[in-house]
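Once you scroll down, you'll see the structures, which are given as structure tokens.
Below are two complexes that have chain A in common, paired first with chain B and then with chain C.
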Partner chain A sequence: MAGSLEFIKSTSGTNVASIDVTDCFSDKYDVYKITLTKWHNPSGDSNALLRLIDSGGSVISDNEYDNAQLALRSYNTYPQDQATNTSNMGTMAYTPLNQTYNVGAVIYIFNPYDNSSFTFLKVQNANRHSSGLLAFKGIAVHKVAEQITGFNLYSSQSATQDVEAKVYGVK
Partner chain B sequence: MAGSLIKIDEEIVSSAVASVTLGGTDWDSSYDVYMVRINNVLPATDTVNFRLRFTVSGSADDSSNYDRAFKNLRGDTTFGNTSSTNADHINIGGLGTTGQEMSNAILYLFNFNNASEYSFCTLEATTRNDQSHLRGFQGGAVLTVAQATDGVNFSMDSGNIDSGTFVLYGLKK
Partner chain C sequence: MPIGQAKFGLLGGVDLGSLELIQTQDVSAVSDIDFTSIEEGVYNVHFLVFALPNVTSVLNLRISNNGGTSFISSGYQRALQYGSVAGSFGEDKSTSATSMLTFGSSSSGREKNGYVYLYNLGDSSKYSFATEHSMNNHSSLGYYFGFAGGLLPTTEAHNGIQLEGGTGTLTGVASLYGIKES
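Entry: the complex of A and B
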């Protein structure tokens, strides 16, 4: 029997300022699963932040997002972070300074292609920090009803990155 | 190659219904773990709580035996801890009828086919509540009765489910 988790595309980049994963959302699925397994940053500690790409191929960088994240740390307390009317959907992964540790992130995106609905996201990830384990649980919403066709990952430090991500449709 | 996430049941609500059941007569007991995904779930009545129950022989179990514990992520203010014991349902968040106050979530179901164990679920939701604030319960719940269960039932605590997509999958052994 055919399964209901269908591979759509893989993307990777080396030494890139950001990466656009385009044309991965369509009317074939309502819900998408994204795995992010590499987020290397040679020039500084870096959060992988996510923005959506509209049907015209433009990265949405306006303050149209709300997000909320809980950080779970093996070495310290669990800080929380929340934002309204901000320019991204929060941290999808993290890498410390000058390290090439791989990361593990699973992201779900709901209703991106439906132009009558907001797009929602949830993420869970686990990453190495210089002091131990750093994990995030997060949620976000893009508060404009428009058709979304892809997403963009970029560094919180405006640094170049090595990136590896895969996109699946949940049928 | 065949995949390992197998669709068992799907309900798409396009006109209002009192509740949605996944499983029941469509339940396939050949899996140990199940996944449920819901998206675009909107209530017909403003300012209501979205609730979940497990089913026994296809009917929602409304006995006062549900415990839950969630971290409530909030986009506009401090996060909360939400818990309850011996409730007759699992409250999975407030919803409304204005401003895309909808629920989207992924759940996993455990021990549903084991009559000598409790039935558990995990839930991760990303929603907008009845004040149009970003919310997301992250946690788990249990029905503290050692019995076999055969599905999940979604409803609002007042009024109908106006729209939404509900899908049940089995994770192949």
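Entry: the complex of A and C
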């Protein structure tokens, strides 16, 4: 299909500990857009964290990432969160305990399939916290030049999730 | 030409793939820019991009639950981070806002340009959320960036979007797109 934004795949899961979105990055695109419109945790507060999947299908959980985020809160000041040599690319969404408000997030991933380049990410999202709006604006990098073919979303609290995400290629 | 096409380097109205134009409005000195047929049953993510070279009062974003007959003017929660070329950085937040997003005040016809993502508008079981990134001109701050999030904590379907100009007028172009789900 010709176009600037081309649908690649969607994924969803119910009561899953984490979700792998595999084989969504290829040599067809340099930039990818991911929309995340559901992140529901029936058992506790939960941040949706993102890791990359390498060409062998393995989730990269080594301390190979840097990330920085600003949390925008309607109910309080804005805390900063940053880490170097950490194990994930930061918070892609947030949900409080067992609330079905769900979330809105757009994530861009740059150069994942190029094995001569690091992989970069930026995210903007809006979520409902029990005290009000909680939104994140963030960036991240995977500091190893290797071929990335997918990504993994998992909960910071290791609980099961309901999740919906869609992946697009940006021409 | 829809400004989203220009923004993404798409000339000549080519097939936009999964980014589907719903409506473009090219306006001059109007009070508000209303999108009242947003196809909320088709798209769960909307993309609104605007280039308004002349905003004379304020620019805010509101949504509707009655097809644009009226736009909701209370109960929003939002948080904005801004930073100006003059070195002024700050926060603007509210748990009882009159709009989902604000792009700030403007006097003497200043510019406001940006894009907004809106999520789950048509899903009556979910809240409606928005995120934005914009570049604005303010009478005291000068040029500044803004990025923000907003939500309306009500589980109902929303079927209209308004760029609201307050007591002033808006001049420029705004385009609304749907992001196709498959």
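Here, the second predicted complex is superposed on the first by the 169 of 171 C-alpha atoms of A that agree within 3 Å, B and C clash if a C-alpha of one lies under 4 Å from a C-alpha of the other, contacts with A are read in each partner's own complex, and residues count from 1 in each chain.
Note that in this section a residue touches a chain if its C-beta (ideal position, glycine included) is under 8 Å from a C-beta of that chain, and two chains touch if they have at least 3 such contacts.
Computed from a prediction, not measured in an experiment: that's the story for all the values here.
> Taking the superposition as given, does A:S117 touch the first partner, chain B, the second, chain C, both, or neither?
first
> Looking at A:S87, would you say it contacts chain B, chain C, both, or neither? Reply first, second, both or neither.
After superposing on A, A:S87 lies clear of both chain B and chain C.
> Taking the superposition on A as described, I'd like to know which of chain B and chain C A:L72 touches: first, second, both or neither.
second
> Please indicate which partner A:S12 is in contact with in the superposed arrangement: first for chain B, second for chain C, both, or neither.
Neither partner.
> Scan A:N125 for contacts with chain B and chain C and give back first, second, both or neither.
Touch partner of A:N125: chain C, not chain B.
> According to the stated criteria, A:N63 is in contact with first (chain B), second (chain C), both, or neither; which is it?
neither
> Is A:V103 in contact with chain B, with chain C, with both, or with neither (first, second, both, neither)?
In the superposition, A:V103 touches chain C alone.
> Quick check for you: in the superposed arrangement, does A:S4 touch first (chain B), second (chain C), both or neither?
both
> In the superposed arrangement, which partner chain does A:K137 touch: chain B (first), chain C (second), both, or neither?
both
> So chain A touches chain B in one structure and chain C in the other; where do those two contact lists coincide?
1-6, 70, 124, 137, 171
> Touching chain B in the complex: which residues of chain A?
Those in contact with chain B are residues 1-6, 30-31, 66-70, 80, 82-84, 108, 110-111, 114, 117-118, 120-122, 124, 137-141, 143, 145, 170-171.
> Hey, which residues of chain C end up touching chain A in the complex?
Touching chain A from chain C are residues 5, 8-10, 14-19, 44-45, 77-81, 91, 93-95, 97, 117-120, 125-127, 129-131, 133, 147-151, 153, 155, 179-182.
> Touching residues of chain B toward chain A in the complex: what are they?
Residue positions touching the partner: 2-7, 37, 39-40, 71, 73-79, 100, 102, 104, 106, 124-128, 133-136, 138, 165, 167, 169, 172.
> Would you tell me which residues of chain A are touching chain C in their complex?
For this pair, the touching residues of chain A are 1-7, 10, 35, 37-38, 70, 72-75, 77-78, 100-106, 124-128, 131-135, 137, 166, 168, 171.
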